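The structures come next, written out as structure tokens.
One chain, subunit A, appears in both complexes that follow, with subunit B as partner in the first and subunit C in the second.
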Partner chain A sequence: MSSTTDTRPARRLTVTGLVTAALLLTAVYGVFFGAPEDADQGIIQKIFYFHVAIAMVALLAFLVAAIEGIRYLRERDPRHDEIGSICVGIGLAFSILVVITGSIWAKASWGTWWVWTDPRLVTFVIVLLLYAAYFVLRSSADGERQARYSAIYSVAAFASVPLSFYSVRVARSFVHPVVFNQQGANMPDSMLWWFVVGQIAMIGVFLTILQLELIQRRADRALRRVKARLEAAA
Partner chain B sequence: MRPVWSRQLRALLLKDLRLELRTRDTIVAMVLFSVVAMMIFQFAVGSSGDDLTDVAGGILWATLALTAVLGVGRSWVPEREQRVLDGILVAPIPRLVLLVSKVGAIYAYLLVVEIIAVPLAALFFIRHGQAGDLLLVAGVCLLANLGIAVLGSLLACLALFARARELLLPVLFLPSLLPVVIAAAGATHAVAGGTNDLAEYRGYLLFLGVYAVIFGLVAYATYDHVFDD
Partner chain C sequence: MNEYVTAAYGVILFALLLYVVVVGLRSARLAREAELLARLVEREEAERDGETDLAAR
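So, the complex of A and B:
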């Protein structure tokens, strides 16, 4: 039987979705009621749990896109292109959230919506531009060439992420709080625990959207096939 | 007897340079553009006094980055016109040699522009500069050009067959080029901005080298797939 009747992906999506929802609720509860309030910044510090988790997932999505790009170039399986492009889309959406949450946090703790002296926030704007160009490239080519060029660009763009970060960082003195350094996490255990839960929940969100998007695209293709068959019959 | 690839590289590179010397389309446009861009930046930045020493490095490298877009965009045009590319791809020339020849051509264009634009920027923007600083800035140019040329030649072939090619290239090219602009402007500022901070200069130069190596590796790993149809 054709893949259109395969319900396993849908069931997997249900499981991922439910687990993610439970994790998110736990994380929200833990962040607001479980974790201690920051002595210095107060309630606004709660945004840290989401801001950092979202940023990590955005980078994870771009990493997966680069890996899928390499796999596409090696195997030429359109599935890798599909996953790669979805990951870039998710990464882009999450990057926008990073910039928004970062801007809110900046307003609350530094008194201004935007600081050029913070290398991480500035890097995410560069990353936004980098990966927005990915979709401009995608829309200007078709078929196999579209997949191939997207794959090459996703590798090149991922190479520029650390370079951008480093160059912005050396160009500016920075005011961004450094939470993780070589000595480990710079926060109490009660905060770290809820941070980890939030981080896993965000990865769950990423996986849920990825599965949803894959199922939707497959349904779209199946629908097109049915339509073509109907048109041929008529 | 030199190896085959070096003769192929020489032939391809000379073809590009000879074409450019005959028409002079690209170089003249790039030089004029760079001068106009510097004028625009001078008026846009503004200044209470006449001294732009502090922003000279930034103006120079913003100008050169935008000028590079012109050169990179033109670099594959000879191949596209009259289907020269088909001929080259059919010939037993490794793809890598083709890419390296383009890197060489773009590098040469940039160098010509810089020979005019850098002294001009020094004249326009730097007060109390020293001639020795120009040599240090030349070092920045030699290294920054490498990164620009490698990245540019790779991304330009992605844009080559795309719709709205002229629009696509700057959008693809400039965000990835930003680290070069930051580091090159920083290095230029370190020696010409009145501070003469050689440790900072060396740090930025190292970064430019690392940038060129990383994109060199990316290009090396992916160039084979660019002309795969």
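So, the complex of A and C:
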């Protein structure tokens, strides 16, 4: 047996972290100094770049959690459960950020913090609450049952994601704007370019957090193993 | 800059910083536990050495 430890996760984290930091810096610079000001909303529209990017990454995290759920149910590998639960956590945190930044944008743009009649806003909160319940369910079981229930729930809860995504298109939203439709992006290339940079940066943040969490859990597991061995020997 | 834009980006920055603090606290706990385990191992080694010395005499 080799006594050396696997250093690849740490190296991967370093690379992802550095690239993400550079991309974030570039995106913030581009949003404020590169992208033109919106003719209709003015500077308030600058919230769009990160608000939408964070929303997309939240939904991406839920998608990864659903995929990991399916993989867990097929392979029964606890690693898939671990990745899935981390992804739900990240998706939930990002969703909360989306609601907060969206509310600030709504106040600036529509004059109100929240509109209960808008399908996009309401369905997004439903998605958020559904995924918050994931952790309640997770804490109610242990071991293999916990992983199995979590996997099934993350797959089932993902059904709410397309509901939120398409609600605004199907219901022909009342207040929430639709920027991306079948004709493409409803904005000039000079704005779209910086949005894409921000979006990639946010995906980088997601990957960095995911790797950091995996490394921390790995360290935690290793410590528990040593502790158990010492207690057994004592 | 508009106060709403500042607030929105401030929230994002605050969330990132909060996460850094959480990770820092978790790392500190891991370091504490690793230190405790290292001390336990050292103490057991010392006890074992003491027993070996007694047996040799």
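Here is the rule we go by: the second predicted complex is superposed on the first by the 219 of 234 C-alpha atoms of A that agree within 3 Å, B and C clash if a C-alpha of one lies under 4 Å from a C-alpha of the other, contacts with A are read in each partner's own complex, and residues count from 1 in each chain.
Throughout what follows, contacts are C-beta pairs under 8 Å (C-beta built on N, C-alpha and C of every residue); 3 or more make two chains touch, one makes a residue touch a chain.
Small disclaimer: the values here were computed from a predicted structure and weren't measured.
J.: Examine A:Ile209 and indicate which partner it touches, taking first as subunit B and second as subunit C; both and neither are also allowed.
T.: second
J.: Could you tell me if A:Leu130 is touching subunit B, subunit C, both of them or neither one (first, second, both, neither)?
T.: first
J.: Could you say whether A:Leu230 touches subunit B, subunit C, both of them, or neither, answering first, second, both or neither?
T.: second
J.: Figure out whether A:Lys46 sits in contact with subunit B (first) or subunit C (second), or with both, or with neither.
T.: In the superposition, A:Lys46 contacts subunit C only.
J.: Go through the superposed model and pick first if A:Leu73 touches only subunit B, second if only subunit C, both, or neither.
T.: first
J.: What is the contact status of A:Ala157 with respect to subunit B (first) and subunit C (second): first, second, both, or neither?
T.: Touch partner of A:Ala157: subunit B, not subunit C.
J.: What residues on subunit A does subunit C touch that subunit B touches too?
T.: Shared contact residues on subunit A (touching subunit B in one complex, subunit C in the other): none at all.
J.: Quick one: in the complex, what on subunit C touches subunit A?
T.: 1-2, 4-5, 7-9, 11-12, 15-16, 19, 23, 26-27, 30, 33-34, 37, 40-41, 44
J.: Touching residues of subunit A toward subunit C in the complex: what are they?
T.: Residues of subunit A touching subunit C: 42-44, 46-47, 50-51, 54, 93, 97, 100-101, 104-105, 107-108, 205, 209, 212, 216, 219-220, 223, 226-227, 230, 233-234.
J.: Which stretch or stretches of subunit A touch subunit B in the complex?
T.: 73, 126, 129-130, 132-133, 136-137, 140-141, 144-145, 148-149, 151-153, 155-157, 159-160, 163-164, 166-168, 170-171
J.: Can you tell me which positions in subunit B touch subunit A when the two form their complex?
T.: 151, 154-155, 158-159, 161-165, 168, 171-172, 174-176, 178-179, 182-183, 186, 203-204, 207, 210-211, 214-215, 218, 221-222, 225-226, 228-229
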